[in-house]
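Structures incoming, each one as structure tokens.
Two complexes follow with chain A in common, the first pairing it with chain B and the second with chain C.
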Partner chain A sequence: MIRAAAAILRKDLTIEMRTKESVPAMTLFSVTVYVLFHFGLDRDTLDGELASGVLWVTLLLATVIGVSRLFATEREQGGIDALLLAPVDRTALFVAKAAALFLYLVLLEVVAVPVFGLLLLGPDLLAALPELLVILVLADIGLAAVGALVAALAVETRARELVVPLLLLPLVVPLLIGAASASEPLLREGAEPEDLGRFLALLAGYDLVFLLIALAVFDFLLDD
Partner chain B sequence: MYSKGFKPLAVATVLSILAAFALVFFYAPNDADQGFIQKIFYVHVPMAIVALFGFVAGGIMAIKHLRTGEASWDMRSYVAIHLSIILGTAVLVTGAIWAKASWGHWWVWDEPVLVSFLIVFLLYCVYYPLRYSIEDPERQARYSSVFAIAAGAFVPINFTAVRLAESVTHPRVLSQTGGSLPGDMRLTFLISLLAMTLLFVTLWKLELTSKHASMQLKRLRRRLELRAEERGAATPARSPV
Partner chain C sequence: MAPALELDGLERRYGDRVALSGVTVRLEPGRTLAVFGANGAGKTTLLRVLAGLLRPHAGTARVMGCELPGETWKVRGRIGYLGHDPLLYRQLTGRENLTYQSRLYDLEPERVEEALAAVGLERRANEPVRDLSKGMVQRLAAARATLHDPDLLLLDEPRANLDPAAADRLEPLIGRDSGRARVLVTHDVDGGLAEADLAVGLRGGRQAFALPAGELDGARARGLYS
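So, the complex of A and B:
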């Protein structure tokens, strides 16, 4: 199972390295959204709630792009049939897709979070960093699990572009609550973590529940 | 198939609704703070509770569908979610009316229950575009069930998350029914909840029966057409002219 998942993941990463379709698009999109927020809010620097909200909403919107591209190559080039004919567990496919999405999100954040620090954040980003990294990783795990599930749910529908954002965004509201509330005190002047444990527990619980659900139901998707 | 015990159920529903209305208007006292408008509570809260349980029940029926592969379980899950969405719309409307009357605003963001309900409602609205953009009926049932399970599990997580994030000021009725609600109001509330639950089950059965009947009718029509075609092909040979 692990070997099959690793093989699918390697294939996805090779395609991404060669075509550069998802990650650059997600990154570019995030920077554009920062510019939109700058003008929309008419603010040069942000801190506290506003900073945390802008950062997380931007990352979630960028995730939508990644999720809607997650099965793109398989669908467009017909590779999905070969993948499903192969005698591997559907679970391997889920693990590979979620891992790919997780890596895309990490790559996105490696660029998009520092850029946020440069462009919009008032207080110093470095002060928030150790705790913020934990929050980012926990949020990415949840996003990867839900994202892979939503991508697989939407892949057979006619209105794919419509279903992915409509389905993904309400599903990640608890994650947004946890991540944004946990980051908010860190992005204030004189970063002081506040209630961090409670919101990290929320994020971890969300990750666990959705990983289990996705693993349990993924077998029923992408059949035939 | 679905109509078993329908008549007593329907009678019980009508009686309990009448009883609930009578209690609401003639027995339960007016609220000391809010006055008459508080009576919307006996409609709004039971609807919200029944809608949420309907969503979760839809998820459980979807599990049954994936386990057994019987299309009828998908139909049950679909009808439960469908009815819950209709109730959910009514919950949002009555909630807004109540909020306007007692807090002065149509919508307040610092009420975790209200906000959670809106998020759950928005998620379930995607059930229709998802379901109806898949053409193959077997696959449609399977994908809808996966959605129903994920969304059903999402309901409690979402309520916990929103409650964690916000101050708690909304009357927590579920945990409160044994607590601070005075006796006559509690009785009225419980009867209203019973009436709403029975109404939900009645409508659910009715809708299932009608869907089942129309599917059977379609099947019979098709068989009739086939037979007519066979006979049509056979008659010319036998006709004397």
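So, the complex of A and C:
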């Protein structure tokens, strides 16, 4: 299973490097939204709850773009048929797609979070970074698991551009609550983390639940 | 050795529409079944059911002794499918596509070079598939379908887009002399009958006939298209 997942992931990353369809679009979207907030809120800086909300809602909306494109090459070029013909555990496809989405999110955040710090954040981003990185990684794992699951659900639907956000966004509400609540104290001037352990546990629990659900049901999603 | 195919009253529907009904046929290993029928007759549906990509809704289907859909996992990797869609990634090169397939099937890397040589694409193997002609893509698709040395080939108009030389080149891979059991969907009645042991005709999803190829009058097969 790991061998097949690695092959699929390698193929996906090669195609993404050549087509540049997902990560640049997600990044450009996030940067654009931060610029829009910068001017739309008519404030030079944000902190606390507002900063945390703007950061996470933008990242979640950018995730929708990545999820919508996650199975695009398989759908358009018969890749799913080729996978179903091969002696490969279908779970390998989930693992590969979730890993690809996780990497896309990390690449997105490498650009989008510093841009957020520069354009909108009042307090020093560097001071919050160690804890924020842990929150980002835990949130990315959850987003990757749910995103790959939703992408597989939507792949054979005609209105997949509608189905992806309609399914994904409600499912990530608990993740948004955990990530935004954990980040909020970190994005306050001179603030210390509050209840960080509790919110990290919430994120880790969310990740575990959705990884287990995805591993349990993914095989059936691709069934005729 | 189990028959390559044993179908009895095979049926497949899309919603309320019956796409395939009453298909009954038995094909021995190494033999060729030609499938004739007009567009929409159910030929591609039959191939996709046999490939395990679609579930049969009634009747029984055994492929190399394994009952579908329950034992589909047992025959994965023993079937080569060459359909209308080449199942290749346009952004990847021919070599990358076959290397990807070889990893899925856990094959040695040398197998990729052998397959490229067999279809005469060694010199174009590092070009993206989107830059290849349709004939070359079809040759590459044939290499993909036979990369893992399958026991059963499911072929949907396999010589489409091929010039005579390219078609000859693919004969050892997908032709009668490949030694593999084959299900060959074709509109070329005379050509199909010449290389088949059995022939099945489909009309509107229903089996119109299933006969040894030598006993089938070509005019009867051509009648499916009228």
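The rule is short, and it goes like this: the second predicted complex is superposed on the first by the 222 of 224 C-alpha atoms of A that agree within 3 Å, B and C clash if a C-alpha of one lies under 4 Å from a C-alpha of the other, contacts with A are read in each partner's own complex, and residues count from 1 in each chain.
The definition used in the following text is that contacts are C-beta pairs under 8 Å (C-beta built on N, C-alpha and C of every residue); 3 or more make two chains touch, one makes a residue touch a chain.
Quick caveat, the model's predicted, so the values are computed rather than measured.
Engineer: Consider chain A as the common anchor and indicate whether chain B and chain C clash or fit when overlaid.
Structural biologist: fit
Engineer: Can you tell me whether chain B or chain C touches more residues on chain A?
Structural biologist: B
Engineer: Looking at A:Ile141, would you say it contacts chain B, chain C, both, or neither? Reply first, second, both or neither.
Structural biologist: Neither chain B nor chain C is touched by A:Ile141.
Engineer: Would you check which partner chain A:Leu93 touches, where first means chain B only, second means chain C only, and both and neither mean what they say?
Structural biologist: Neither chain B nor chain C is touched by A:Leu93.
Engineer: Applying the touch criterion given at the start, work out whether A:Ile213 contacts chain B, chain C, both or neither, answering first, second, both or neither.
Structural biologist: First partner only, chain B.
Engineer: Which holds for A:Asp81: it touches chain B only (first), chain C only (second), both, or neither?
Structural biologist: Second partner only, chain C.
Engineer: Just chain B (first), just chain C (second), both, or neither: which does A:Ala7 touch?
Structural biologist: So A:Ala7 only meets chain C here.
Engineer: Which angle, as a multiple of 10 degrees, do chain B and chain C span at the CA centre of chain A?
Structural biologist: In the superposed arrangement it comes to 80 degrees.
Engineer: Quick one: is A:Leu101 in contact with chain B, with chain C, with both, or with neither? Answer first, second, both or neither.
Structural biologist: Neither: A:Leu101 stays clear of chain B and chain C.
Engineer: Touch test for A:Ala151: chain B only (first), chain C only (second), both, or neither?
Structural biologist: Neither partner.
Engineer: Least CA distance chain B-chain C after superposition, rounded to whole Å?
Structural biologist: Superposed on chain A, the two chains' closest C-alpha atoms are separated by 5 Å.
Engineer: Identify the overlap between the chain B-contacting and the chain C-contacting residues of chain A.
Structural biologist: The answer is residues 223-224 of chain A.
Engineer: Can you list the chain A residues touching chain B in their complex?
Structural biologist: 149, 153-154, 156-159, 162-163, 166-167, 170-171, 173-174, 177-178, 181, 198-199, 202, 205-206, 209-210, 213-214, 216-217, 220-221, 223-224
Engineer: State the interface residues of chain B toward chain A in the complex, per the touch definition above.
Structural biologist: It comes out as residues 66, 119-120, 122-123, 125-126, 129-130, 133-135, 139, 142-143, 145-147, 149-151, 153-154, 157-158, 160-162, 164-165.
Engineer: For chain C, which residues count as touching chain A in their complex?
Structural biologist: Interface residues on the chain C side: 51-55, 69, 73, 76-77, 79, 81, 83, 85-92, 96, 100-101, 103-106, 144.
Engineer: Spell out the residues on chain A that touch chain C in their complex, using ranges where they run on.
Structural biologist: 3-4, 6-8, 10-11, 14-15, 18-19, 73, 77-79, 81-88, 223-224
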